[in-house]
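There are structures below to look over.
The following pair of complexes shares a single chain, chain A, combined with chain B in the former and chain C in the latter.
Moving on to the complex of A and B:
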């Protein structure tokens, strides 16, 4: 027992789950047990969107210091707009719509890495400037869209099996898949190696370029999935639908125990962190906190978690 | 052509190109009044960019500068107006808070991106508590400063040059400036030479806070009312400005004059696009394209530099 406890304490993801659990317990203590499961179900459905983009951001951040994808919100919006426009409320067009949206997202990933590699622009600035271009594309393509998602898509996005959102199960499958990829495949090990020491990885004969390229495309692809499911979930695409996911994606990665210096990824941590962040907002809402207080406490909690988890040891 | 020189001149060349292009598209801007109007918002952006530059000098990144500038504008439009002593006290506390964050980041060896990300929520929250909706009033003296008419040369240009020169002297010419940049270049060497990394980080963060306060106040002098969300874009502008100006994310390689010029270029690009009558849909996109083009040029120049 003691041993397993000591093992658990060393796992970076434990903290985010502990924090999520604590926040949930405080909330249901306040409501005297009312809505305990409803809160969890809601948390799962909303957190899945953060989790899927958080996974993409995690892979990008893991490829080393300075790597971050700031184009996630714009890509979510673009993919949502493309999906809705191509589907045009027709059930028959769902598959073409998904393909078109994911294709657009993949192009964004290729464009991002093109800027980083060919023009040698630092990833922060590259993904930032490309996000401006992507957003403009989405705005001009989706001119005043008010297209509802086809019924099967919104059914899928809001469906539940035994109270568990179907989208959460989909994201769970993706997460497990990604964890296996990280541990067992050449690509996954390369991501970790490149993140730990890009030069060493290159000297060891790894294809650093291909690894980084695939990672930026993967992140954009995940944003694409998020955009499609999110527009199904919220009854259509909106031009600001991606906004909140910029900070959320970075925050989940770090709170979840992934190393910001790169080279160490943590899939379960993304889940804990995303649930924690959603439950935190729920708790503050339950307490009837004003918008200002809610923002301040959210900020302090993020800082608190990172301080408690501690930084990197000196290398 | 000396590539190193070309690299340093690039921010200035980019500014000149955007400026000339603007003059060609809209000749009426080539006047005292036109320049004044086009560049007035460059002053707060330049100050925020300088703030960001101090943080980047020590290899950190400040994602909270935008909301911070918004918070300062809210305090300026309320506390500073009603009770100047209290207002100045509150702003001093904010600068001290910045220093404390610097100490925290250093002592616990935390990623600055995350800490300042959390901080951005805190600033925004406080600002929303002070001013739930845009309002308040700028102090009269602040409005007076921001609408000063200087003969011949428009005020924003004079202000930008003064900011650039002062910070250049402090950071690039002084002996402590060398230490500060060394903290970004090689922190270990600096520590072994007996300098306190902790003190350096606190000082640089407090300088960032100070310039953030100046940015917020100058912005308030222009907008004349406080707004928590007024400067949300400043976080991205300031980072882009530093990089456009020739700065690097790591290694303490920064350029104050370049940063100011980068900020001016960004501010000017906005007006230029409006004059071009580009569809509003593509305004943001064109700004991104300009950023990419300038950086591509720089990549071309530095590529040659490395080859030699």
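Moving on to the complex of A and C:
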């Protein structure tokens, strides 16, 4: 028991879960137990979207210093717009819509890495500038859209099994898959190796280019999934639907215990961090805090968690 | 003992369960060169880190210039007392120039024109120690080859501004230097000690320890086990004191290859010349010449199969393990298995049990000193990290193994084991292409190519691989 506790304390993701739990307990203490499970269910629903793009961002950041995907919000929007437009409210077109949206997202990933590799543009600039191109495409393609998602898609996005959102289960499966990929596939090990030392990874026989390429595509692909499900969840695509996910994706990675310097990824941490951030906002709303106070406190709390987790990490 | 420059009494240091120093007594007189030898993990580097103030000893006393140190012994205090170190893992800032790195240790170089004064200081010292060094104070460290970086760091340690220079610790200083610059350094050590500075010289090259030191101390398992005047030691008695047998084996003859043995590697240096390198199956090919004359570039050219005809899988053993070799965040095991992951897959996933077994096997075969391969790679001493890199390459499926001066910081006992392993593996059909800065090591090669200015200027057979002939070819203007 003592041993497993010591083991737990060493895991960087424990802190984000502990923080999420603490915030939840404070909230329900304040409401005197009212809506305890409802808050959790809502948190799972909303956090799901942050988690899926957070996983993609985590993989990108893990490939080493300087790697970051700033095109996530634009890709979410593009994918949502493409999905809604192709589906055109018809149930029969759901599958083609999903394929088209994921295809568009994948192209974004390929384009991003093309800019980084072929034109030698730093990732932060490459993905930022491609954001503008992607968003413009989404705007001109989806001009004046107010297309509702087909019913089965919105049913799926809002469905619950025993109170647990179906989308959360989908993302859980993806998360477990990604954890296995990191630990037990050559690609996963390559990501971790490249993130620590690109040159040593190359000399150890890893295919550095292929690894980075696959990672940028994976991140875009996850943004694509997010865009489709989010459209179904919120009754259609909107041009600002991806906005909040830029900071959220980076914050979950950092709070979740993934090394910003690269080489160390943490899948459970993404879950803890995403839940924490949603519950934090819920708590402040419950307290009736104004928007300004909410932002300040959110910032301070995030710093607090990072300091707590970081202090434990140093040896 | 008033002439003691520095003195340690009963110094101990533990890292968790590992006792790196188990009560060391050591003194160095003013103007003395003390040679320090011992196997990897004997505690030499730890002891030097204690002397330089980077590590606080768990127990024991330290006195400098006859005065006992009572307060906190820190790197700054050591620096102020005139103790300088050149460590095995080089410590220059790669993004700064040579002159700017000089400023870091000399705080008095300030105000207008400090850069010029720093440049003059380091240039004068480089000229004094390594005539013809070819380093400019404006060069950025990252752009220098590892040998030149080491020269810059050594020269920096001997520069003097306002503080005293009492003791310079040289930890494997010649490991990246070629024969000529190593000789220049050792000659300079004698000059400097004659001026009253003390030097501690740590090296696995017993020849240079015997010829340069006044007195030699042998360390084993965190203790000093022998101490004598250098002239009272011979190569064999020194090796015996370290606790291993002397195997001064020189391979008698080169391997005779039949005409049907296939050529696995054929490559002409992109950097110039008309002579191409050729390696046949089962051969051990040496690359030599002065350091930094294109040998590493040749290896990288072969590795990336760029204008090189290569048949078979390649594995690369880095010498510059910090930048080319190890993965700092990983365990020893993961560092060993990374090159073999594809072969360890079962149904698309890496078989963790097989991975662990591979790591354990090679930990045993290379005698890597660790209780557990799941420990982080940085818990190992430098030489043992290097063994892990050997394990990575030898444990892989590669038919061709490229070695980029890989024996830096490896002790003599381990070296002998590795030499024997290379020979055995070559007999089984593996091909080795081996860049080395130690001419002695060429005796383990079947043939060697001499590099100069990026070209192959000579190809020497096994019997011609003597120091004299190699040096002659290194300086020759045209191919012999």
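Criterion: the second predicted complex is superposed on the first by the 310 of 315 C-alpha atoms of A that agree within 3 Å, B and C clash if a C-alpha of one lies under 4 Å from a C-alpha of the other, contacts with A are read in each partner's own complex, and residues count from 1 in each chain.
To be clear about the criterion, a contact is a pair of C-beta atoms (placed from the backbone, for glycine too) under 8 Å apart; a residue touches a chain by one contact, two chains touch by 3 or more.
Small disclaimer: the values here were computed from a predicted structure and weren't measured.
By the touch criterion defined above, A:263 lies against chain C but remains apart from chain B after alignment on the C-alpha atoms of chain A. Applying the stated contact rule after C-alpha superposition, one finds that A:38 touches neither chain B nor chain C. Legend: residue contacts after superposition of the two complexes on their common chain; A:251 is shown touching chain B, with no touch to chain C. When the two complexes are overlaid on their common chain A, residue A:200 makes contact with chain C while staying clear of chain B. By the touch criterion defined above, A:307 lies against chain B but remains apart from chain C after alignment on the C-alpha atoms of chain A. Touching more residues of chain A than its counterpart among chain B and chain C is B.
Of the two partner chains, chain C is the only one touched by A:180; chain B is not. In the superposed pair of complexes, A:110 makes contact with neither chain B nor chain C. By the touch criterion defined above, A:120 reaches chain B but does not reach chain C. No residue of chain A contacts both chain B in one complex and chain C in the other.
Chain A makes touch with chain C in their complex at residues 180, 183-186, 189, 192-193, 196-197, 199-201, 203-206, 259, 263-264. By the touch criterion stated above, chain C contacts chain A in their complex at residues 303, 314-316, 318, 323-330, 334, 338-339, 341-342, 345, 348-350, 352, 392, 396.
Contacts from chain B toward chain A in the complex involve residues 61, 104, 108-111, 113-115, 117-129, 132, 236, 239-240, 243, 249-250, 279, 281-289, 291-292, 295-296, 299, 302-303. If you check the complex, the residues on chain A that touch chain B are 65-66, 68, 115, 119-122, 124-126, 128-133, 135-137, 139-140, 143, 247, 250-251, 254-255, 260-261, 290-303, 306-307, 310-314.
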